[in-house]
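Alright, structures below, take your time with them.
Shared chain: chain A. Partners: chain B in the first complex, chain C in the second.
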Partner chain A sequence: MAEDISQNLAPLKPKARFSLPIANVAMPLLSIVVAALAGAVIILLMGYDPLKAYAALAQGSFGNLMQTSETVKTAVPLLLCGLGIAFAFQSGAFNIGAVGQMYMGGLAAILVAGQFAGLPGWLHMLLATLAAFVAGGLWALLPAFLKVRYASNEIISTILLNYVAIYLVDYMVAGPIKSGGYGGAPTSWPVLAGVMYPKLVPQTQLHLGLIFALSAMVILFFVMRYTTLGQRVRIVGQNRVAATHAGIRADRVFLLAFFLSGSLAGLAGAAEILGYQARLISGFAPSTGYDAIAVALLGGHAPFLVGLSALFFAGLQTGAVAMEAIAKLPAQLVDLIRVLAILAVLAASSPRIVEFARKLQGEDRKW
Partner chain B sequence: MNAQTSTLRPTPHSETGDVILELRNIVKRFPGIVANDHVSLKIRAGEVHALLGENGAGKSTLMKVVYGLYQKDEGEVLVRNQPAHIRVPQDAMALGIGMVHQHFMLVPNFTVIENIILGLRTDRYPLLDLGKSLERIKTLADDFGLNAPLSAKVGGLTVGQQQKVEIIKALYRGARILILDEPTAVLIPQEAEELFKLIEHLRADGVTLIFISHKLKEVLRVSDRITVMRRGQLIDTRDTTATTIVELAELMVGKAVDLSVAKRPSTPGENHLELRRVTTRADQGVRPLQELDLALRSGEIHGLAGVDGNGQQALVQAIMGLCPVAGGQVIFHGRDIRAMETAERISRGIEHIPENRHTEGLVLGLSVTDNLLLERFEHRPFGDRGLRQFKIMRAHAATLMQKFDIRAPNPDIQTLKLSGGNQQKVILARSLWPDPTVLIAMQPTRGLDVGAASFIQ
Partner chain C sequence: MVRAWWSRGWVRTTAILMAALVVFWIVLELAGEETRNIANGIFTILAAPEFVKAALIAAIPLLLAALGGLISELSGVLNMALEAMMLVGAFVAYTVADHSGSPWIGLLAAGLSGLALGLVHAVFTVTLRANQVVSAVALNLFAVAATALAFRVLYIHKTFQPAPGFEALHFPVLSDLPYLGVALFQHNILIYLALLLIPVMWFILYRTSWGLTLRSVGEHPMAANTVGIKVNRVRYIAILLSGTLVGMSGSALVSASGINAFQENLSAGRGFIAFAAVIFGRYDPIGAFLGTILFGLGDALQIRLQAYGVEVPYQLLLMLPYVITLLALVVFMRNARGPAASGTPFVEEGAG
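For the complex of A and B:
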């Protein structure tokens, strides 16, 4: 905290620019450290070596090209959903429905990608992606409309719609779009040849979806930072009444933000299906949409930080396998660390701690 | 408390003239502020004692200490020359102290009688004894002219009647010292007149009254003695007959005040904005307009008086297009603008200063620049083809800050960090610089010091 004290010594310097990193970077990092320490204590208590465990975790997630590409691939849907949640949050609402929006995106993608043989591959791919984008958006628009029109709580309606989407996918793969072949888990018809996203690097899992996700990240940053649309979303998110009084059609802005939020999750669904799963399987991404909430939170809803945060959570996921294999630790321990990190982030974003951090920065002066 | 021991007892000894309530060096601190700074005060039995001061002078805080809603940090409270330990309002009530708050503490869905006996024990505890209570309450209600059936739901009564219910409630609980916190703030003039009569009546019955107010005229009208507070300190106590309105104003503000407002005679011109038989729907507690006619001419200041909640909000909403107009016409420069979006009304020169700057006027988390351009950030030159022009916005904000004397270190600072007065100036600057044709100002001087208020005038 040495730099905070030195800042206090020069209180006349405007430091609005410096306040952002402290809140958005330092606190998440601190919460990761706290979670890692707490995790280490638990690993110790269980009779394992925490250093070995963490080394294996790092090895498994970013140890070599293969592992790293696996991590990045896992990060793609997390990033897309996380960006969507962050964007909805900027407009003043919690979108807990990324799971359902992603499922609807996946469903729309397979409906288009598994049909219409004869279309040129690139066009077919584009149409399937677009279908996923629109389907995810519409699925998010429903709870947004309910909120605008009937003031229903979007947290509850988005969660409930997750189940509707999950069961709809279950129904579809068990019936209307069931694949003819083998038994086992019900799966849909396959993506037609030539419609799958091309690989970016041969021999890896990196596919076109990564480009979509990174573009979305940059575009979102640009929109929120430099455009009047971003400012409109921000104003509505922070004070809807004042926005209305200033002549902004707050409901419309909110609906648009929620549509785009769902679209990004829908895109994540397309990335999963067209990126590497190649067919729609019942329960194809059961937790991605929920993990993405933590991704958005840890990233403090800032696009580039959401990117880092997606990489972190993806690393935990891929590293868990290696930890189990190398350090002989139960993979559930990684889940534990992940949850501890989320809890630490939540604690760090609590008003009381934010207030405390502000005080350390000497920012509570009134003018 | 037993209901039988309450109501207006004949006084066992003459209380008049003796000190019934004494405060010695009361100190009450809140984080960052001393609300009561060594306040000593003697209230005589049977008098009407006014506590006068500006908003935030510490009047209500002092009385909340007496009533047990706040705990004092230092000092002593004596009731009938006995040290009193008042920790909760029940302690105060047991000592015969009652308080009627500015915001009534009544249950709207309960009847008058249910509200009055709420929380009291009867001889038939745990059962109610409505029959016995009824008689006593009826006597009080008739005595004080509560023109409402005791079985009526309180929510359906007028504000004036509700206030009487509160007073009767306090008396029924045995109050001999009654604190009235800004009792006229919510009343229309006729109701206030009735209240003053009721205060006379109570004084005649030997009740001691403490009357908190910041209105000079009514204080002079009803009180026997007046204590003036300023910034947490007790300035002086005067006999009402030996003081004047000018003297009180000076004591209150701490400097000589010119109470008259200099105004140039205006030369009203053509009609700019006209409301014809405008009716709005009742919506979320906002009282609707019913066939309102109003014409605003150029160059005139049209004052709208009325107690809060009598349609001012709906009027602003109708003019700004924030709510649908159910009937009638809103005519601006000869054209019915009922269907026009708020944004377009603003760009055509109808500006407004919202009533509540925090909820309606400002986005506190955003910068001063953003708030100064809240209505126009998308217009050229501040927004160009969807892109925000930061340099132009910032320069514009800096100019407005200088012109309107908004005190902040730079235009990038969060509006949240400005004082209330400076926040209000941000709204003023925002709505005045485009040189609007019509400006609707809801309580525009709220939270401004006298200097800033005169700037608006």
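For the complex of A and C:
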């Protein structure tokens, strides 16, 4: 139907003289500009200086090498979760449970990394990472199983499981794996010495988790593009019935896709704990799993673009810290500006706007 | 289609609850003296009229949210932004009631704030045809940040104060009945209005032509369009109505807090539970009510167990409503079917 529309309208518009990729590049950029303007208005209304705030944002995100490394570090869990969500999306289901899967990954990582002293460091590290991978995967497998077996709506069950995972972590760090002698927020026992991910570059925050995330990105790209698994996942996502008729065991592919999706989020949890935080803290990544939905969306569910968009949202996050510290904006105001960016991305990627952009461009090729 | 009596939700609910009770009783028989004492305490809790009262109070915000969610859902637009509308509604209800001195003005303002959020959701999902789930996720993040920010700005320098709330009513004779009086007839007006909304909603959805229009838009928008129904306009109206109701549920949430006060992230996932209640209530106002009552019972039990000092960590008790909801989804979802066009935007032929 959409095709008919473009064919009907194509003759009305002369061909564009220049072929700026309006739909893919200009629209997202424009939407971010609009979000920035809206943010500026809000900042102004709250009685702060938007120019100063945005200067701090730029300075804090990519202002110097130190801050850039901080941003790249922040991008790691976003990228891993975003890739997971994108992968699940290809199989035709929404995984909103990255928060919970990441929490379970973090929990599994600290359970392994905080005990069993005496194992060789690299093996210990690997086992902790593997535990996080499996834990995240299983936490995603549960709603996928409920969907396949009982037709339970996966959107709602993944969200409910987020809350369960959050409370489980709260319980664990306040009880069974509580560390002694700390005031303030409950924290778990620390990661044992030698189990933390090694730093890639001394004096920066870049750690082994970045390698995991980048590998996941490349592997996912190859899986989706060149393997039968990728093809099966896509077919199942596009048409379950057709997939079944083509001899694909749709349920099995779906379960596998969800498991891997959760594993990637679990890996993000491990990257947070073993790469950076060194212990499990109650509420250690409250919004990463939700932001990752926007990351996947902005990246159009294509692995490399998801990487770029993870970097963008990470920049917003690290820049936000600077906005708070330098421009003295309240943290919630900064959160609000991030949400504006998400809404802008959503608008820019919506079919209506994309169609509009294509029309503007006078493009009549099939899409 | 006439459903067999045993496949009806409430029959199943009762059967499962009774089975659970039997299992519980057997476990108790096998357990020791100390456990039996605790169990006695729990039975005392359950038998008190205050328990039913608390369950009903806890269920009402969810009921309003679920009824709101139902309207939107039936029109074919997923409204997972229930959580956002509820939270913003709660904040607005509290703030406006606090400043104006009237809970009624607070309720009205909460409805309007929900309407505003509904409008945003509608622009994104109906006009722009953006992904309905992502739009809701973004709105939920927005609600958490915006209410936290506004709450800090407005109340940071003030000492904590409850806002004026709805007074508990007192009916002659009824309120003085043993057990039932406390359990059912000493609530505030909001609770009775919400309960009244169940049959009203049922009538509108199943006995008026607008209800039929709404459901046809959710079921087969193309067919509805062919007979001259403006699909997207109906959806807009549905989402706006939905937002208004859900915003008002925030007012009920503030009043259910017992102290008429707001705190950051007051809704804490209740919007999602309401969303689930719509589903396992089989897209029906009465089913949604039963679903929210299930949550209310769980919540009331959880709070009382905490207060009773049962040696279960409170974090695990807090988990209970979500686990119950998840189980309910699994148990009641079989054969349940939502509107066919749920989640898919409608593109009119030739428009674009």
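The rule is short, and it goes like this: the second predicted complex is superposed on the first by the 297 of 367 C-alpha atoms of A that agree within 3 Å, B and C clash if a C-alpha of one lies under 4 Å from a C-alpha of the other, contacts with A are read in each partner's own complex, and residues count from 1 in each chain.
Going forward, a residue touches a chain if its C-beta (ideal position, glycine included) is under 8 Å from a C-beta of that chain, and two chains touch if they have at least 3 such contacts.
The structure displayed is predicted, hence computed values, not measured ones.
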- Task: May I ask you to decide whether A:80 touches chain B, chain C, both, or neither, giving the answer as first, second, both or neither?
- Result: neither
- Message: Looking only at contacts as defined up top, I'd like to know whether chain B or chain C touches more of chain A.
- Response: C
- Examine A:153 and indicate which partner it touches, taking first as chain B and second as chain C; both and neither are also allowed. second
- Message: Looking at A:128, would you say it contacts chain B, chain C, both, or neither? Reply first, second, both or neither.
- Response: neither
- Quick one: classify A:332 as touching chain B (first), chain C (second), both or neither. second
- Message: Contact-wise, after the overlay, does A:174 reach chain B, chain C, both or neither (first, second, both, neither)?
- Response: second
- Message: For A:233 in the superposed arrangement: first (chain B), second (chain C), both or neither?
- Response: neither
- Message: Quick one: is A:161 in contact with chain B, with chain C, with both, or with neither? Answer first, second, both or neither.
- Response: second
- Item | In the complex with chain B, residue positions of chain A that touch it | 12, 14, 16, 226-229, 231-232, 234-235, 238-239, 241-249, 363, 365-367
- Give every residue of chain A touching chain C within the complex, in rising order. 1-2, 5, 8-9, 46, 94, 96, 146, 150-153, 155-157, 159-161, 163-164, 167-168, 170-171, 174-175, 287, 290-291, 293-294, 297, 330, 332-333, 335-336, 338-339, 342-343, 346-347, 349-353, 355
- Message: Residue numbers of chain B touching chain A in their complex, please.
- Response: 320, 322, 341-347, 352, 354, 359-366, 370, 374-375, 377-378, 383, 386-388, 407-410, 412-414, 417-419, 422
- Can you list the residues on chain C that touch chain A in the complex? 78, 80, 124, 127-131, 133-135, 137-138, 140-142, 144-146, 148-149, 152-153, 269, 272-273, 275-276, 279, 313, 315-316, 318-319, 322-323, 325-326, 329-330, 333-334, 336, 345, 347, 349-350, 352
